[in-house]
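As written, the chains take the letters A, B, C and D, and residue 1 is the first residue of each chain.
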Amino acid sequence: MNIEDDLMFPEMEKSKLSKRKEKIFEIIFEADTFYGKLFDVVLLILILLSVALVMLESVASINAQYHQVLIIFEWIITVFFTIEYMLRIYCVRKPLGYIFSFYGIVDLLSIVPTFLGIIYPATKYLSSIRILRLLRIFRIFRLTKFMRSGNLILIALRRSRSEIVVFLSFVTLIVVVIGSLIYVIEGGHPESPMKSIPTSIYWAVVTVTTVGFGDITPVTGMGRFLASILMLIGYGVILVPTIIATETLRGTRLREPGKNTQVCRHCYDDNHMDGSLFCKSCGYSLHREGDTSGDMTQK
Amino acid sequence: MNIEDDLMFPEMEKSKLSKRKEKIFEIIFEADTFYGKLFDVVLLILILLSVALVMLESVASINAQYHQVLIIFEWIITVFFTIEYMLRIYCVRKPLGYIFSFYGIVDLLSIVPTFLGIIYPATKYLSSIRILRLLRIFRIFRLTKFMRSGNLILIALRRSRSEIVVFLSFVTLIVVVIGSLIYVIEGGHPESPMKSIPTSIYWAVVTVTTVGFGDITPVTGMGRFLASILMLIGYGVILVPTIIATETLRGTRLREPGKNTQVCRHCYDDNHMDGSLFCKSCGYSLHREGDTSGDMTQK
Amino acid sequence: MNIEDDLMFPEMEKSKLSKRKEKIFEIIFEADTFYGKLFDVVLLILILLSVALVMLESVASINAQYHQVLIIFEWIITVFFTIEYMLRIYCVRKPLGYIFSFYGIVDLLSIVPTFLGIIYPATKYLSSIRILRLLRIFRIFRLTKFMRSGNLILIALRRSRSEIVVFLSFVTLIVVVIGSLIYVIEGGHPESPMKSIPTSIYWAVVTVTTVGFGDITPVTGMGRFLASILMLIGYGVILVPTIIATETLRGTRLREPGKNTQVCRHCYDDNHMDGSLFCKSCGYSLHREGDTSGDMTQK
Amino acid sequence: MNIEDDLMFPEMEKSKLSKRKEKIFEIIFEADTFYGKLFDVVLLILILLSVALVMLESVASINAQYHQVLIIFEWIITVFFTIEYMLRIYCVRKPLGYIFSFYGIVDLLSIVPTFLGIIYPATKYLSSIRILRLLRIFRIFRLTKFMRSGNLILIALRRSRSEIVVFLSFVTLIVVVIGSLIYVIEGGHPESPMKSIPTSIYWAVVTVTTVGFGDITPVTGMGRFLASILMLIGYGVILVPTIIATETLRGTRLREPGKNTQVCRHCYDDNHMDGSLFCKSCGYSLHREGDTSGDMTQK
């Protein structure tokens, strides 16, 4: 988004590019003019249509019957997307900036699979990655409210990057250690599906995330005991907010009846910690004038 | 509810309708009079009974034995509901207002399936949608406490509509992209149950929501690796409150890394809030002796 | 707990009961004396032992080999518990108060299954309900810290009883409606395991709670689509705290840069909502004395 | 970590050990010098490599082909780790302090399984516990940010130890009681997989944690009903933060039912905090004209 803004504004200000380039830019990148809006709506429909086509093509019974039609439509849309991608490169001021931006990469990945599909048929289904192009519609239709929500989530995630790294490290360690342990316990058992450590680790991921497919399950008593511990860890981690919420509730309860509605009589600062004897802002005693409940400084 | 209130009050004020209409209205819509209460209690019992009947009818062994009885009771209740529905339309001031209100639609949907069942037998089981009529009892029995809780949840949901849209968009994108990817990876494998992209996307929904039925599971190493990532995403999203809670905890403990490691040089209390200028325990200034980072009191 | 306290204190105060009764009371109900503590420790061990015995007895291979030993031990412990139960009734002042208290019922349920097992063998396994007697040890060993945590959770649950009722009502309605819908969709399919509405509702519970056993799963496209919606509802409900947390984060962010550190210059109330123009406590304008950022009242 | 710091600092201060010991210490325990860093990077690579080797060895097809190579590499790394372990003991000032520290135990457990594998082949897979050695890299690369996050989580867990104990006790009781109940209900059924109470309890853990493998599932109506209750308990516990969050939201919106539906009679602002005496928007008293519920200002 930022990239596109960077590309857009200098263009309008300096306007050194040919009129045609500018016009194409307005239609393809912006949505202020009638043709710009029309283009975006057509694009939106084509994206949805092409993803639907790819899905239908993957269903054997449908593909058997409508193979020709699906292939033709897919190629029409892919050609359209290819032209659009080239026009985007052509009309922006800094083509490389666009090409290596998030949307530039998504736009490229939306057309490559179909062409690759000529050589490796399976890869063409990857073109349903086109659905990521829909992210643009948030910007196109000025859905700022949703973007703000999205941005807030991104901000929250970015601010807690280190928590996420710690969490992933923790899960990785747990999963490798318990996956190995269960392999040692279960591996020898003839009925056990834990045929190798990678399989056991996959099972441990399935278990600790509480997904629990059940295609691989422990069969021995010891294995089930270890599995129970792993499940409780996975379940317990989900409960951390519960625990903190309870802690907070306790904080609220214990504070309520007690003391910490202290207000400094000198500077009116009313935000003190429990057990504070002096105002943290002006150094004035918090226990003057006949306070009976917590007075330890006066005689 | 609102609709019904709208219908109710003008009625009582203006009272232009015939006495009979008014009386029916009082009995059917209100619960202040004896007959009104009686009607609601009978209705409540009939709703529960009819849902139980529909359930029992669907159990092959019970249906084989008691088919006649179940059918008779079902029709009696349906006829009663039909009459009640007609009376409701008859006695309200704005019939269309009632018909297109939430309860009006539910009331209609409660009787249609049984009639439709004459033509398409399977549809009659839809009449267990009657259970939604129970929502009315919250109003009837003035369970305002529960209604308030329910309303609060509705308010919370309405206030965070944009978050929900963003969340559903996120899940849709993830599920389509990873569903397609796993189809490309697993689709060719003879043992894999991922026979089409829609099936893979269904599997992705089952996995990301941590439900994990296990009827469809990846069988290749690469597929399992991708599945692990999807599971961690699904599990990670549940953990967002944990992460934010931890963040909050950090906020409380160590708001800025540099600043609030203040230790009182007089009493060695090291637990101060940000911006404290004086020790809360002994009143000694926290910014003596050449503290360079936050010194505002000394010159 | 409360019941026992009620029974204990008047006893000691009035002391009208015979010495023997008092002594038994002290040993059985209290843990202050040496014999009282010894009794509780023995009881604790016997409870754990007896639960282990019941479990082992249910394992066919172990029962086949050690049937005699297990039966003998079980009866010894049951007889001990029976005598203990009788002594408890004997020595408390208000036997009925004890009998109908939570612990009284648990104590009775701990011995009944073994006796019932003479007539209906299966019921004897119910005696593992004895494990609930362990709840007493929190009191016995004065684990007040844990009891406080437990009480806080109970308080939180009691305070949010109406939310729990609303939540259970919501789940019940969802599960009945979607269970019926999927039965109508899937019921006719020859491979579908949804053989009746109760089975479909059970499946809906398994799905909405994200447990997902996978013994019953939809097989048609429509059924899977409906299942996906149900899963997203179940997953979405878990995410409500996430949504609220994000909302809170937004609240914090939007408030930070803005205005709401307003302090009334007249009464020093510093807790105002955004956009307040007058102090809510004394009615004094919040925008006197050259406030530049939000001043709309001064010219 | 603390242990290592304790071992490190006195060493440098007092410097009574031989130069060589000091040099080894610097290389192995610290990462300030070039060789120290090199050693840590080599160690990091070897740990990852050795864990990968153990995993590959457990895969039958890979092991069949590369058995020789894998064994040789594994022994080389194990010998290296053994020498490193001995050097660590040799160069620290208090060997016992290191040996019984967390890292000391992990270092030992990293080499023992390979040697034990000569006698009991299966145990050698336990050497993937080596992955725990990676925890050291947080310290080595001064990833203080991540360490702080990790520490905060540890602090949160330590502070809520009693909640965790209460939670685990609660889960244990629920799981034993419901596991026994379902065994009594299902145990006799010929198709039921609940063959013993330990199996039923394992099933109850799988269910209450919402993992839901589905290898063991109830088959009777009563069993499924009990299972539904257990699932709702498990799901409900996850929802406790939701409930508390909703409670909090209510607190904000409607603290006391009667009181804060205040509407200013002058400007119709209806959004006031509890205890407000004057309208925050226009400064008009909120308690004029015979308000009976909260009037404290008028006589």
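One rule holds for everything that comes next: contacts are C-beta pairs under 8 Å (C-beta built on N, C-alpha and C of every residue); 3 or more make two chains touch, one makes a residue touch a chain.
All values derive from a computational prediction rather than experimental measurement.
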item	value
Fraction-based call for chain D against chain C, same above half, different below	different
A-D or B-D - the one linked by more C-beta pairs in contact	A-D
Whole-Å separation of chain centres (CA-atom averages), chain C against chain D	23
Distance between chain centroids, defined by C-alpha means - chain B, chain D (Å)	30
For chain A paired with chain D, centre-to-centre distance based on mean C-alpha positions, whole Å	22
In chain C, residues with contacts to at least two other chains	148-149, 153, 156, 163, 198, 210-214, 234, 238, 240-241, 244-246, 249
Parts of chain A lying in touch with chain D, wherever the complex brings them together	162-163, 165-166, 169, 172-173, 176-177, 179-181, 183-184, 187-188, 195-198, 201, 207, 210-214, 217, 221, 224-225, 227-228, 231-232, 234-236, 238-249
Chain C-touching residues of chain A, taken from the complex the two chains share	148-149, 152-153, 155-156, 210-214, 241, 246, 249-250, 253, 263, 268, 270
Chain A-touching residues of chain D, taken from the complex the two chains share	51, 54-55, 58-60, 122-123, 125-126, 128-129, 131-132, 134-135, 145-146, 148-150, 153, 156, 159-160, 163-164, 167-168, 171, 198, 202, 205-206, 208-215, 234, 237-238, 240-241, 244-245
